[in-house]
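Structures for review follow.
You will see two complexes here that share chain A, one where it goes with chain B and one where it goes with chain C.
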Partner chain A sequence: MTEQKTQHEHIVQPEMQLDARAVKLNIFSKFLHTLGIYGIAGLFVIFGIVLQVFGVINGFLSVQNMLNIVDAVALLGIVAVGMAFVTYSGHYADLSAPTTMALTGIVCVQMLRYGFLPAILISLAVGISVGLLNAVAIGKFKANPIIWTLAVSYVTLGVIRLVWVNKQIYPDVMASSQRASDLFDAIYRLRFFGKIALPVIILIILIIIYTLLMTRTQFGAQLKITGAARKAAKFSGINVERIIGAAFLVSAVSAAIGGLVVTSLSRVGAWYNGAGYDFRAVTAIVIGGMTLAGGRGSIIGVVGGVLIIGLMNNIMTLLGIGTFSQDMIRGAIFIIVVGVSAKSLRSLGRDDA
Partner chain B sequence: MRKLQIKDKQQLISTIDKNRIFILFGVIFLFMALFAPRFMNVFNLTTIMRTMSLNATVAIGFTLILVIGQLDLSIGTIITFAAVVGLGLKESVGFGLSVPLAVAAGGVVGLINGILVAKAKINSFIVTLGMMTVLQGTIYTITGGNSISLSTPDAFAISDWLAEMFFPLLTPRVLITIILVILASFGMRRTRIGRNFYMVGGNSQTAWLAGIDTDRYTIAAFVISGLTAAVGGILFAMESAAATLNMGNSSLMYVISATIIGGTSMAGGKGGVFKTFVAVLTLEVLYNGIILFGLGNEVKIFLAGVILAAVILYEAYTSYRREKVLGQRPELMKELERDREAAAASSS
Partner chain C sequence: MLNTTVLEMTKVSKAFPGTLAVDNVDFSVEVGEIHALCGENGAGKSTLMKIIAGSYNDYTGHVYISGKEVDLHTPSKSKSFGIEMIYQELSLAYPLSIAENVLAGRMPMKSRKKNGKGLFIDKDKMVRETRRCLKMVGLDHLDPMLPIEDISQHEGQLVEIAKALGNNPCVLVMDEPTSALSREDVKRLFTIMRNLKNRGISIIYISHHLPEIFEVADRITVLRDGKKIATREKADITSEELVQMMIGHSVNEFYSHADHSINEIRLSVDNLTRNGFFHKVSFQARKGEVLGLGGLSGAGRSELARVLCGLDSRDSGTVQIDGKEVKIRNMGQALRKGIAYLTENRKTEGLALRLNLGENILAGIIPQLTRTGIYNSRRGFGILSKLVKELSIYPPDPLRIVNNLSGGNQQKVLLAKWMASEPKVLILDEPTRGVDIGAKMIIHQSIERLAQEGHTILLISSDLPELVALSNRILIMRQGHIIREMQKSECTEESVLLAANGEGV
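The block that comes next holds the complex of A and B.
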């Protein structure tokens, strides 16, 4: 994909600066630019409240429903905040995330015979080693991220299906003790205060860690420069190979955790666990204001993108729109939001894509 | 005989590199012909041609998309969309009108993609990803979630005609695919418009400065991609007289792999339709052989992944090497080495 350079790099005279900067943004893009993705999330909430006030839908504005929304997207959030590092580094997406999830899950179920904790540790290690493959090929040899991760996902899928011969394995059968199986089930089902699910807690912890990682550490700063301008980063002495590799590792860590959650949710280790989470995560990331050009956006924004998807699904389900029509609306909103934000970035003279 | 100079050696390597897909095809075909049971007979080879037909047709447009340096993730759903439109309207208007409508539907989807990419300047990854979701929803909405199958005599007649082997290896559907491949290949290589696609993909700024309307070429590429996907989809559906709602889903990954293995680069400006066609054939021969060996789907997926990974890694590694030795002149390096050795010898 060629990088499209902005075609209006006119030199601005200092005294003309005020005039030249007075870029005309339409209301929607201005709104999006100032409030960010949470503005849209707020709009959706207001929309939901209005619908409820007029009696079109019931039960939108309740604590339980809000918790349901968060519950429903926690898994997507776990995967998306990790993959955001890949997008941030200017490498589009990690398409190997779904099979990484499946591999982690199935290995964990298989290893439950050695107890709960060893199973978790081994499977996380296996999941992360997939990320290591990505890190070497893309970081070191600059393989194209999309097709390389695609190839890796093929290979991982092939490995899963070769080793387990298309079988599904069940945690309660594989586990050595009832306790291990119960603990594994609890990954998705454990609730704090009777309400907040463990995946949500995991997501919140990940958000905090990743936000700190992205904004407060040397790695984060270097990742931003690498994503925005790889060559400049390289010539300023940053080890870009290691930085990009690390971004893919973070993504793999997230996918591995997500794999444990999704396997616990479905109570079965199988090759199809996690299918579709690659494109769903990209949707959330890009709606959340992270541009594919790299180096722009934040974890909090990505979480906003995830929440938007959750809110959208919730309102559409409450309205009684069918699952399939929801797809159409979701896709259209995706293109519109990204198009508008790209346009406003471009008219502000910043890079988009 | 002249001694092989460094330049000749490099030329030889680059020739091999350029034509590696033909070598890969030859090796795999030879292996299967020698070892796979019941491989070398007309019926099996015709089966290969028939299975390859769908993806080979779709890959024509996809190669064009990669050549101009974009990406089209919506081809899989366009296949299904065209099939659903073509077969769904057959009851009311007959194939005479429904097939052109189906193809046109693919073209319109491509047009929307192209306009969003070229005029609204949204990244093609995002546009086509969104379009994929939208089309998925559309397909399920207009069919109500049920797959369409035709059981009228005339539908079966067309289905039989499309699958009939009128010449060794050739059925009408395969023939259409091959004609399309030849036309596209010729057009890309020999016409000015075709060459301009390469120029737009190689460097769109230069192309723009050279007076090429890059936007128009981008839109054209997406339209052609939509059209070929639709043609492939509707022909496949007509031959099987049925349209399932996920029939195109596996094609996306297949076509991407084949195009990349065929030597078309994601960066744009490189590759060709014919090589992609050979790559599709290669994968199909491989898959067919695996089935003949009695191995399952899982081996197929694994091997496809390994081959794709090897090709990407090889390509990435060569460009990595090239970057490392960029500006180095081997003969000077050798001289330096010799001097160093001489110095070491004299000091010791």
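The block that comes next holds the complex of A and C.
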């Protein structure tokens, strides 16, 4: 028996003749696998410096500009790290995020008449309730995530425009006191040590909480399996309905917080606040290495994706590229990244497609 | 002599990350022969066939078709040389009609000119052409406009063959075509295969079922670890020799016959019913017992298992564990009450193929590894390394992606997942389907060890030698009822098979 066993082990352990890295990968995915997303961010910084050295752009390499970049993407980061849970769960994206942002913001401005804190709490609750709706429909009733969240975003938009009769409302007008209005303004403008903005602090706190949630809790571990193979997760005794629902809730929490920030930034509660943040967030998520197939990637990676978008925007703006051209370039990059990552994962045998 | 060889491959190799899946293989197929390809899972059979089908553009070596050297770098190229594949899993589009499936990619179009391409589908011609293809597989009684979802699995298999025959192939590759078929259906399939052979079509036949290979094949080629071991005429080889070539050492005894001691009752099922699937099913299983569930496919065995572990709801009846009634509504509850279910669909329901070995094995016990809200997979490391060793899972690397393991090792990972949860009752549904002999042996040893440790095993298996050898008792199900209980002493392959068909007393 022992002899048989050793012989058997010999059979099932053919000598490794090839290293796993012998697979052909194109240059871009090689960078992704060896340097990681922050390597690419580094490349962008170097690119910016080169442009400055050759005098093509001015003022890229300054402390103020670097802070500008972080400032500019903190809001996107807040939304993206939450939506990442939806992508991670294998449900692509939460398209209701922009209108959740708008709703939270406009409700908060409206409620400022009852004081700052009550307004914040009520509006966050309203924003998160949109997530609850998504959670039930997509988790429990298996609605298609793209179609459902798209529909929810239109319904929410309709509700906002109906209730506020297509009007914009202003915090300084709505607030019960100057103090409440000032506090609301400060959400975006408060700076610690005179430099680091409150949204950046909020983003850092969210990164820490979400990373722990994704990697160190029962929810995170079960979410990974659910995202990678929903049926297998169900057959492993995982309550997939609740797990998927929770992912949409996290996304709504982030979108609601983002809604407060964006509304404080524009100093106006309006239906169009947050528009465009759905696609921008998905782009950051995908560039950050979280594939649309689910179960793969990390919050830190997504933050890297957000940073790259920030660097890209900054350089493009310094180069004087127009907004429309910037949108086009971002869209093209999204397509390239999705294509390249799907291809390299397949050639590595990491994908079942 | 030379011109009777339709397909010849010399010194063919194909590498994957970490392995050389096909290693310098010579292989040839004669006109009008059925050539069986044998080997354990991971021996390289499927990879070799995929090379023939044109799935890879980076294999090395030479391929000759009818004496001319060709390169098979794309599937369409292989098809143009008359090579057709029939895969293990049916590749039919279920909502579409038989005709649309059979003629996929070559729909006849209406046109004024002869053989011209028009804009619209010529429906009459489509039906006629489909009838012609179906006739070759003895399905001419079927309406070509019937959707695939309305025909049986066996008929689906034949439709797939008809689809391949429609392209006038010279070589037909069949990968485990019988794994989901009943005995009668297999017989009919073999008759069709012999007819094709007489018409000069060559068939490459991949199977794990040795009796089937001996029944239908003319020549047999054995692969092991990506290398070719031998090609023999059927008459020149015995099944013992064949098994020996496949696994590399002689197997004296596939199964041991351990005598399980019989203890107190663990699982008691009383009048359990799910309307339309099984009715008033009652039985008891003891601690340390392997209770076999025999029967033909569709007898209600898997459906019973799914109700027991809460995947489907029941209509009436009770289930008791250790004398206490349990009401189970989902798999999570089942696990907490001590019932685990190893599904028969490894790839879709069993494993998260994109995740690694460790994540899969620990998937069912995440709550147990979570303390004060913090999940730490390192707490499962002890269990993990013990199970990987016990089941000799190869490679023993917890970070290896499961998709890159061989079928046998994937099945071991699936079993390990449920062994990790230490269930009181473990329901095994086809635990060794499509698995090589080495892995099968290890899985059988593990099942016996689990029983000796006091776990109760419900074993559902269509593999009769396995069912007979491992079970202490066998319950025979037929059309949703338990029709017979057989003690170990009465169980032989023949008696169980007769009972499953409703014959013999």
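Throughout what follows, the second predicted complex is superposed on the first by the 331 of 353 C-alpha atoms of A that agree within 3 Å, B and C clash if a C-alpha of one lies under 4 Å from a C-alpha of the other, contacts with A are read in each partner's own complex, and residues count from 1 in each chain.
The definition used in the following text is that a contact is a pair of C-beta atoms (placed from the backbone, for glycine too) under 8 Å apart; a residue touches a chain by one contact, two chains touch by 3 or more.
In this text the structure is predicted, and so the values were computed from the model without any measurement.
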First (chain B), second (chain C), both or neither touched by A:232: second
Chain B versus chain C as contact partner of A:59, first or second or both or neither: neither
First (chain B), second (chain C), both or neither touched by A:147: first
Contacts of A:42 with chain B and chain C, given as first, second, both or neither: neither
First (chain B), second (chain C), both or neither touched by A:276: neither
Overlap of chain C and chain B interfaces on chain A (superposed complexes): 4-5, 352
Sites on chain C touched by chain A in the complex: 15-20, 40, 42, 224-226, 247-249, 311, 330-332, 334-335, 341, 343, 347-355, 359, 362-364, 366-367, 370, 373-377, 392, 394-395, 401, 403-404, 409, 417, 421, 438, 441
Interface residues, chain A side, partner chain B - complex: 1-2, 4-5, 92-93, 137, 140-144, 146-148, 150-159, 161-162, 165-166, 279, 282-283, 286, 292, 322-332, 334-335, 338-339, 342-343, 346, 352-353
Touching residues (chain side chain A, partner chain C) in the complex: 4-5, 7-14, 16-23, 216-218, 220-222, 224-225, 228-229, 231-239, 293, 295-296, 348-352
Footprint of chain A on chain B - complex, ascending: 69-71, 73, 116, 120-127, 129-141, 145, 201, 203-205, 253, 256-257, 260, 266-268, 296-299, 301-306, 308-309, 312-313, 315-317, 319-320
